């Protein structure tokens, strides 16, 4: 059985189709890269998976459970975590509190009391080793620090599936590698399936992902193990098409 | 309540008298509604652009009313002459309050902006009270009336009616045909987009706020042409509440929506009275107010984008 | 040491002697306490009331020579604080006046609400509580024993007007009632309705409009359809202007229009100018009323206090500016007179004796008649009716107070627009 | 575990000190009772306004129905003899019940809306409710209820007046303390963190697994309950009459907003500080320059909003994040 399964999912906005009859599977603990140029429907896809939008057609299964029309706040406890393209921390709270909120209402939330949540938050912060930021107020963080904090917040939710929207964008290569290796390590230990979404094919994804799904204009054009995917003519075409813009 | 009135009504027959009354009231409602609509466009414009609800809206209407009052009583001038002055004064007030306060609150939470605009309103009220005192003032512009059979309408009301339409029309043209106008429109529709298209959003903010206040003060003059009495520093509160209902009717963020919202509101308030008056043992007038707020809630729930907009 | 003891003995002895002669001589002054509205929304009325009270106290002390008590003349004193027109403040100040300042009587603050706020404290401390600013009859249905009213109750505001029309124009039968939907105006409306029915008038219209209304057109067009002979209404300051104005707009012409609260104020004429011609309004008292000693003798009532002109000059002295007193001042002043009369008749400041005398008391002053029923409600004071005639306020009713003849019927709005004045 | 409740100590002390001043210094009780009212108002409103960031412009409606709850109970049950205290208690319960009912109704409707739309909707509810009472002549319509005589009959005039002059204020203090305590409990529980999250970013909060609607309604109802009780004691018991225009006066809502903002929205100590600052400045301004209070006050409020949006306690709190003083005193 797959952890996540999308069956013929379609989402329209007014006239135009954002996601077009997508079928997609994610297995437990696997690393999946979702690649696609701007406007290819990646963010919409994430929003469908964690319930910000409901699909117009198709089904979404999580652990075999139909979550197609489940409210977002009921999905997180099932184990769907997420980070945003532009980080959305709770600005007035400290980093620790932010992360703790993740733990409180995440998969373990129901059987965690406040103190428990804060313990988990502490653990996560220590693992990502930014104890120095622990008591800083989120609004005083740098963009990168915010991203880090968001990843920590998502991990504190103890997710089975972690959706990462442009997680490494803007980080300098050193810390990207750090991050990637760290994520891999955690993912393996805690059996987290990571779906990382990026606009451009970059080393990080290649290193991280075992499989890549390439989105183009709302539909999947390629779904293959990373190496094959990257050499696939369709993909190259899409990205050559984009090349001019860069 | 067995007041002989109701007996009388029924004897005279519902259809005849009551019917004419409703029609007469609706006619009055259209005229008043148009002025109300005009008096709400500023609120909607400011919300549309700055996403700020001007809780002090009524105070600016009050300022306009005093303009008309002074023009008539002190200078002996026909209130129509007060219109440009009120517009100008409003613009200045708008710029002043934008740069002194609103500019710093654009990204602030509702809590701050609502309280700030409310305080601005209070400040205006108190200043006016300090200058002119808290007496209820008024002016008596002697004009003729037209008897339409159903009801009688003095010309002053008709001027206010036509004035409102003309100004609304002018705004419409300005919005759609001029560059500045379309800049404002683009910010209302999609601020990010507008920025990308090279619209100077900040100056558009300042400009729209000033314009919004200006037409609000202007509408104050028009309102006194409709009701030239009861002018006092605290007259604004009632209009603020009306303006909210009207703005929501029109979709809150759309000035013309507000204009037509005003029409609808006028019809509701005047039309429903005669109906409620048929219910024994109630105070129909208060019920018309209640009714208008029920409609406010319904629209907020069912069609927050306003009754006129097509989804 | 020794000297001190001697002194003490002496003092004690002195007290004993004095005490044995008579205790009642202990009273050296009578104090009136008042949680007044100096600031806040009733500041205007408050200033007037204080002026009126001071004026009458000065009259009592300087002209009248003090309050006669056991053959001695005892001076009156006045102790007041500012209650800021806030209900939160009235409570404590009333308590303070009674417990700390030990006054002999408390005059209530302005408005029914604030009067109600102080009443329970006065009642619980067994203190006489005189109401010159709370017109709501319901105050006297609360079972207070020591609350006494000088201001006429709201229910009687329009009785005079109805009597007048009943007398001068038997043909006018159709009356329309349109009042503000407020605690006070509602009382006036009920009273007017009762009295109108009693006099055989036909009520063809009876409606209210909410506070702060900005357009009366729907109500007025309904009213117009009932073709009344005259209209009674009003409630506050602004609505009266609106009412008259929109009557003019809709060209509703009646023989008489009487509005409470607003119509007697100068602002009313300033706002409406000629449209206000002939409009009437009831008032508790207006400068120019003709109540006099002679008048009192004619009616067989005892007379006390200054003449009207004396009162006005005393008032101006008291407030220290050239201001004409209005009815707030007059009723507060009259209340002082009522109290000292009761004290003199009781020949004591003992609460129950004074209250009993107040119950029996019936007199006339510059303010007019004064008489309460056994609940403490004012029934002896009839209001005057004022009419705008050529921009002046003329008292047209009751006849004994008249300063001019009534102009009746009121000119039509068309005539007014052409500059016709309501001068008989 | 115990130290969880240390921040409550300063709150408790503050009210005790105020109480002692009121009792001790003659003529001070009235000023204190006014301050009690403002503090309690802020404390109660803070639970919703402060913790969710939603601006309920119709908040006073809950005090209004609370006042009516007490008024109705006393005037309807006054014929029963010898159950005085019980009737008062029943009054409190009815007030709470009515406030809860109204808050449920309003919550179901308005809490679907956000930001400005919510604010406008709540204004609509407040005004609409008032006009319904007046128009449909519910509870005597505009004439209101004057129930002094009933109160006298229920508990005797002596007790009644000590109720009006002293005990009503004591109830207010108790309500304030309760509200503060509940605030602290919420802050130290998941509710508090959920509210913080939805105040900062409602959509993110949803994605984080927070049932925002549930927590909003919890805060809304709690806050409304305290408002109801406050109306019952500070208005109904202190002045045994109720007139619709007085109890639905929107300016009380604005005062409450100012108090919360002044002290620091969403802080435990904020409402007290806000209430004291607001109450005292208002009181002394009206003594020094009667009639001009607002003229001075309005610009001050604007300046505060611009310069100190977090309020007094909010600023201190920010400065002391993670320090012991914050954990125990400033909360």
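In this document, chain identifiers A, B, C and D correspond to the written order of the chains, with residue numbering beginning at 1 in each.
Assume a residue touches a chain if its C-beta (ideal position, glycine included) is under 8 Å from a C-beta of that chain, and two chains touch if they have at least 3 such contacts.
The structure presented is a predicted model; accordingly, all values stated were derived computationally and were not measured.
J.: Shared touching chains for chain C and chain D?
T.: B
J.: Compare the CA centroid of chain C with every other chain's and tell me the farthest one.
T.: Chain centre farthest from chain C's centre: A.
J.: When B-D is set beside A-D, which has more C-beta pairs in contact?
T.: B-D
J.: Per-chain Cα mean versus the mean over all protein Cα atoms: which chain has them closest together?
T.: Looking at where each chain's C-alpha mean falls, the closest to the middle is D.
J.: What is the distance in Å between the mean C-alpha positions of chain B and chain D?
T.: Distance between chain centres, rounded to whole Å: 32 Å.
J.: So how far apart, in whole Å, are chain A and chain B when each is placed at the average of its C-alpha atoms?
T.: Result: the chain centres lie 49 Å from each other.
J.: Quick check: how many Å separate the C-alpha centres of chain A and chain D?
T.: Each chain's C-alpha centroid was found; their separation is 43 Å.
J.: So how far apart, in whole Å, are chain A and chain C when each is placed at the average of its C-alpha atoms?
T.: So the centre of chain A lies 77 Å away from the centre of chain C.
J.: For chain A, which residues are shared contacts with two or more other chains?
T.: Answer for chain A, listing residues that touch two or more other chains: there are none.
J.: What positions in chain B touch 2 or more of the other chains?
T.: 237, 283-286, 289
J.: Going by the touch rule set out above, which residues of chain C reach two or more other chains?
T.: In chain C, residues 181, 208, 210 touch at least two other chains, as defined above.
J.: What's the complete list of touching chain pairs for this entry?
T.: Touching chain pairs, listed by label, come out as A-D, B-C, B-D, C-D.
J.: Which positions of chain C touch chain D when the two form their complex?
T.: 38-40, 43, 82, 84, 87-89, 91-93, 95-96, 100, 113, 116-117, 119-121, 123-125, 136, 138-139, 141-144, 181-183, 186-187, 208, 210-211
J.: What does chain D use to touch chain A in their complex?
T.: Touching chain A: residues 188-190, 193-194, 196-197, 199-201, 203-212, 318, 321-322 of chain D.
J.: Which positions of chain C touch chain B when the two form their complex?
T.: 181, 202-210, 212-215, 217-219, 221-222, 225-226, 237-239, 241-242, 244-246, 249-251, 262, 267, 270-275, 417
J.: Tell me, which parts of chain B touch chain D in their complex?
T.: Against chain D, chain B makes touches at 47, 51-53, 101, 104-105, 108-112, 114-116, 118-120, 122-123, 125-127, 129-130, 237, 241, 244-245, 248, 252, 276, 281-287, 289-290, 293-294, 296-297, 300-301, 304.
J.: Mind listing the chain D positions that touch chain B in their complex?
T.: 49, 53-55, 57, 109-110, 112-113, 115-117, 119-121, 123-125, 127-128, 131-132, 134-137, 141-142, 250, 254, 257-258, 261, 265, 292, 294-295, 297-299, 301-302, 305-306, 309
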